[in-house]
């Protein structure tokens, strides 16, 4: 069960409205790696967690924090939209500056939300459940979490340069710091799990020869012209779990057959044999 | 520019058809972490790569390999569907076994693709571009790649237990091996990049105090009842880059204001002051 | 079966083109509460109506009217786009005013529809079937209809201020009037149904104590700090159907357990017990 | 800012697993009118609320409650899935009963979530942001809220009959009660707002003749054959705000022109005049 | 403006319910090539048609017919669902036959639509506006129409074998006939347009050498191993408009450069030069 | 299996960046008829092809070519974005020209892809699998292919006029030529198949009277007022396969019944008979 406290986690005080920026900020609210994503991802991982109290509690701590981040971004967007009005569009016909601003705003900020944040990205595409993952395998999911916080901080960093508004930047500084902490957090959690179970996900799939093909687990296939890729650590030396050595296959040869699929029943109407059938 | 070779990368020879399994296998073809995802993700990362030839070549090698994985899975699904026919549905009214099988298949395998693979997941939801990421930041993207291969191998491992068909299992063994190799590959590439630029993404955002809030970059906020989360490595000790020590905030207090948004123009029709306005 | 008459329901005569407005108007054509939504919603409710001839006929009357509203909006958008051309984009490099206009238009109006209306909202997101509802329960659905007409009229009212074009405004005045009538219509239909069956949906679910929990049907849970909500009519007095009195629970306490889910089979590869299993 | 408490709002104790029911229950978790929808809808309405403290606080109370409902449903689905395993699919080839069950489950409950709830509906379609509305107009939005709770309770009522499991039914009884209370809540809030501002949304759009067409605000157009619709309260008597009387237009005649759109520039390539142009 | 007539275009009388078939039939109602698609596609093409009265009228005739096809399919699906009930699911735990049927139905037919047709395909994916096209170029669009009717008739033909119910088959025979007629219709319309403007879309793009590359307009590039494709009519002989002869390029060589994209500004945080920048 | 060659198929050398054009070009990369669509469509048709080696090889040739077209467009978009930076947005507050350009760009080109191509259309809507078709019936699918290349070339032609950049135009000239060739290709392939199997899809559905309704296969129903449509070739003369003559039905009469659906079980809660039931 959840409870709400009226204060925002951090202060959000925009110096002056900027509806074009409001549109861009939607990316970190309702985009692929926005706050809605990490909020729902951590909550679902926490809700579905089976048998690991320390991790479950931690997931609920951070998932709960992220609900408050969605709240902060809605507050930020509302302030960036303060004072915007439908009349601006009517003015745009007469005035280039107004037209330029109107061209850059999200029309739904006026028409649909009435100056509030939207559950969509910077192009107005609605957030959707396929952005998140909660697989039950903690290591797999924490790699996703580390990734999401990396993309999230990257996007906030890019946004940071898009404004000189000190109020907005102050908010971004807090978000950058939290995204940095959350990267740290997943890194150390991942290290702990890798230490315990090994680095390959899932750890519990039998690695013996009869269950998994061994040779192909160490080969780099050079399928793009040029051998610059030969110089990477993926092409030489040992696998991170020291179970084998990497092999650079410079001239790979397919190991499979040329597929020769069966002709289907006439009732599927592929029409391969219409004349024959008519006879 | 690309070229195609007729043989499959690995042999795909199903012992006997299983249309219910064909539906499940769609998850690793056209699902969130299926082969279409890694194929498009690596290709877009490679196409958009700016200024790192070794990585670009490697991304193109693996992206090109993954196109062939989509090809293999279509071949696998086609074989699992061999012999299925629309009449089965008409029989289902009479026969429980047929009804049970019909209930478990994807109707689009009969109606839409005529026994071929579909660009959709195991529930028939179409693959979409929001599954992939290519941000330009190599470390951020490789964390996504490691994650995708982790989820991918996890799903193939789960599928492995869903069949006893030795032909299908042989194909899965190759896929498990390649997903294992690809996990290794991204791990070592990530280690190399972290060594070079540090572990926080993006590395180039100024970490000095005046640009980023420092305190919040090390705090764990205990927002879910209970302190089991205190025991994790994210709550004590140093950050992985040794820039500071973690602090467990057992009783966090909000630092922001209670939001008090401006009342919008009447023309937005929030109807807060209708009577007042009428006067 | 349907028939078409060439004249539009109302006159659509734009004074002069305005491609930026054309983009905004897409919201009320193909957005969440646009004319495509009410058209498909009323038609599906009518097609699926079982056993209430008066309502079915009425749903078909209004659903049929709404097809004509989609037609009118396509006509409006076409006129707003008259004269737009791809060359404008080439000019935009040279001229700020042109650039401002080009920035504000929907590129698909040039590239995809060739100056026609699109089945999308103001941000280009395609209309989809999940916008509509036809549940078979008339009262539930009419509450949706009343809601859709409320949002629809709100959006047209906001659009009204976005233009000073008297031709466009004349069209909006008709749309506002019809949306007003349709709000009236659903209100009186709802009142009739509530009178007949009671105000709770569905009316036919057994309200006796053994089938439905009674206590929780009257409690307001104060889960957000502050008790301003205590002042509303939802916190005191009787329920609208006089079956009980509202209770304001100022300090709510959870009634459930702490969840403790079962550890799943190893073959799901949650990796909780990898080491144990290896022994 | 939010906080989490470990106990569930209500007890969730399933008597025995039922993976087919788990799939159906997804509808009220991640479907169009599931708990994710009301949670996000109330939170966004609360976050974006401008200038009405009593309503804002109430929206935050109920939005916060609904986060806990998502939590309860994840717990319910997890229990319904307890013990399910990938091997069941392999068994299905041999056993009709197993095949029947496997055909009825959501394959993603095994492959993707590892026996946890998914952010999708009963057919696996991901939840998306276009399910919700937060327009800034309280009356419009509360009509949506009343509607959502009506559809929600209707679906839970239908689900109730799908199981005889007393544990599941006990949980549904609580959900039915809360959905009943929430219907009451929005009804009385709506009544209060209608009392204050009138019944038409938005109230603030000038209703005088020169701004809105009056005649069309009272007419029912009989566009579907048959006059059964004439008998409804929408076809006779006064509008609910007593501003006029309804008129049943038995034989409606269009008031608009036959559209005659302009021929576009050649560069749009409609190809109407190719030959002419070549000369 | 449109009008509705109560009778269905053709008789729909199902012999006996078959809820599993009801799910399959959704494909031709709300799938990619279902009746909703052709209805919306022809209506939008008609609404947006500029300057060709004969075609516009024809598009409106057929678009209007297709609204009635959506109506017929809803009626068919309702009859196939007659008598289905939520209790069936509760029975499924006890009875294999019931379980088999429940596994094969669309849960939303019970939970969401209450036994009515849904605006979704056979897997429950909502219909969306991106299924349709109305480009303004008549020849391009009619090629789409011919294609849609081809896929539509193919799917109905496959469905035909899925049932032995003579009532359902009688309805399908009418649909097959109309889809056949509509294929004829678009074929002859296409032939007329090709006769007038030539076979290449768009006809109005300047075909002279300085505006369009000529050589590449006749070359088949052999990019897949094997030369079976050499035997097709696309590899030899003249183009259909006799403007040139096809060339089979057996060993194609790329004509472009190796891309060498610019390194972006530091503020995009690609992190290519972090160390350098720090100095 | 596939291989990659470093050179692009054709040269891509933009004269100077144009971020607004970069947004438009996304339509032909990730839009409904963009290169991602034809690439995936031809590959899936090739992968799923059963029993026609000449066609399968050809589909693989062209599908493989299209992967390279996606590559070229990513290169084109990257060059059009060269030099764009987040600071531009901060400048936009001060400078109309910058604001106009910022308004016209896709914010995700800065925030999400870091100046690379995106798997989305010109409005940022992600590409999805429902854009493509691979039905197993070659004639049906090739009609789709011809259509896709027609829309594709139409869109590139429109784009051509949107720029005066000779580098961009040179690239478009190659694309126009390939789209022209591909139209030719599908036309001649279609002609060959129609010659072999007849013009109606599917050819293998029994055309005899007892299996398909004959009368309705030749009738044009005049359901839109006016008889301009009477003048088309679809209203008189013989069907293209000479199996019958077209009939213009000027005053069509429905042949079906007025639907009268069954009242559902009380447990579906349509609430038609609540009072009756209570007694």
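A few remarks follow.
Note that the chains take the letters A, B, C, D, E and F in the order they are written out, and that residue 1 is the start of every chain.
Everything below uses one rule, namely that a residue touches a chain if its C-beta (ideal position, glycine included) is under 8 Å from a C-beta of that chain, and two chains touch if they have at least 3 such contacts.
Everything quoted here is computed from the prediction, not taken from an experiment.
Counting steps between touching chains, the shortest path from chain A to chain F takes 1. By residue number, over half of the touching pairs seen at A-F are also found at A-C, the match among D-F, A-E or A-C. At the chain B-chain F interface, residue numbers used by both copies make up over half of all numbers present, so the two copies contact each other through mostly the same positions. To fit its Cα atoms onto chain E, chain A must turn through 180 degrees, a value rounded to the nearest 5. Taking each chain's centre as the average of its CA atoms, chain D and chain E sit 28 Å apart. If you average the Cα atoms of chain E and of chain F, the two centres end up 9 Å apart.
Of all residues in chain B, those touching 2 or more other chains are 1-9, 32, 48, 50, 60-61, 63-65, 75, 78, 85-87, 96, 99-100, 102-104, 110, 112, 114-115, 120, 123-126, 128, 130, 133, 135-137, 139, 154, 157-158, 160-161, 201-202, 204-205, 223-224, 226, 254, 256, 261-262, 264, 267-270, listed in ascending order. If you draw each protein chain as a dot and join the dots that touch, every dot ends up joined to every other dot.
Chain C meets chain B in the complex at residues 154, 157-158, 161, 267-269. Across the complex, chain E meets chain C through its residues 1-9, 30, 36, 40, 43-44, 47-48, 50, 60-61, 63-65, 67-68, 70-71, 74-75, 78, 112-120, 126-130, 132, 134-137. The touching residues of chain B, when paired with chain D in their complex, are 18, 20-21, 23-24, 27, 31-32, 96-97, 99-105, 121-125, 155, 158-164, 223-226, 254, 256, 261-264, 266, 268-275, 277.
Of all residues in chain D, those touching chain C in their complex are 5-13, 32-33, 46, 53-58, 60-65, 72, 75, 78-79, 82-83, 85-87, 110, 114-115, 125, 128, 130-131, 133, 135, 137, 139-140, 143-144, 146-147, 150-151, 153-154, 157, 160, 173-174, 176-178, 180-181, 183-185, 187-189, 191-192, 199-202, 204-205, 211-224, 226-229, 231-234, 237, 239-241, 246, 254-259, 261-262, 264-265, 267-270. Note for the complex: chain F touches chain A at residues 1-6, 48-52, 85-90, 92-93, 96, 99-100, 102-104, 106-108, 110-112, 114, 120, 123-126, 136-139, 196-198, 201-205.
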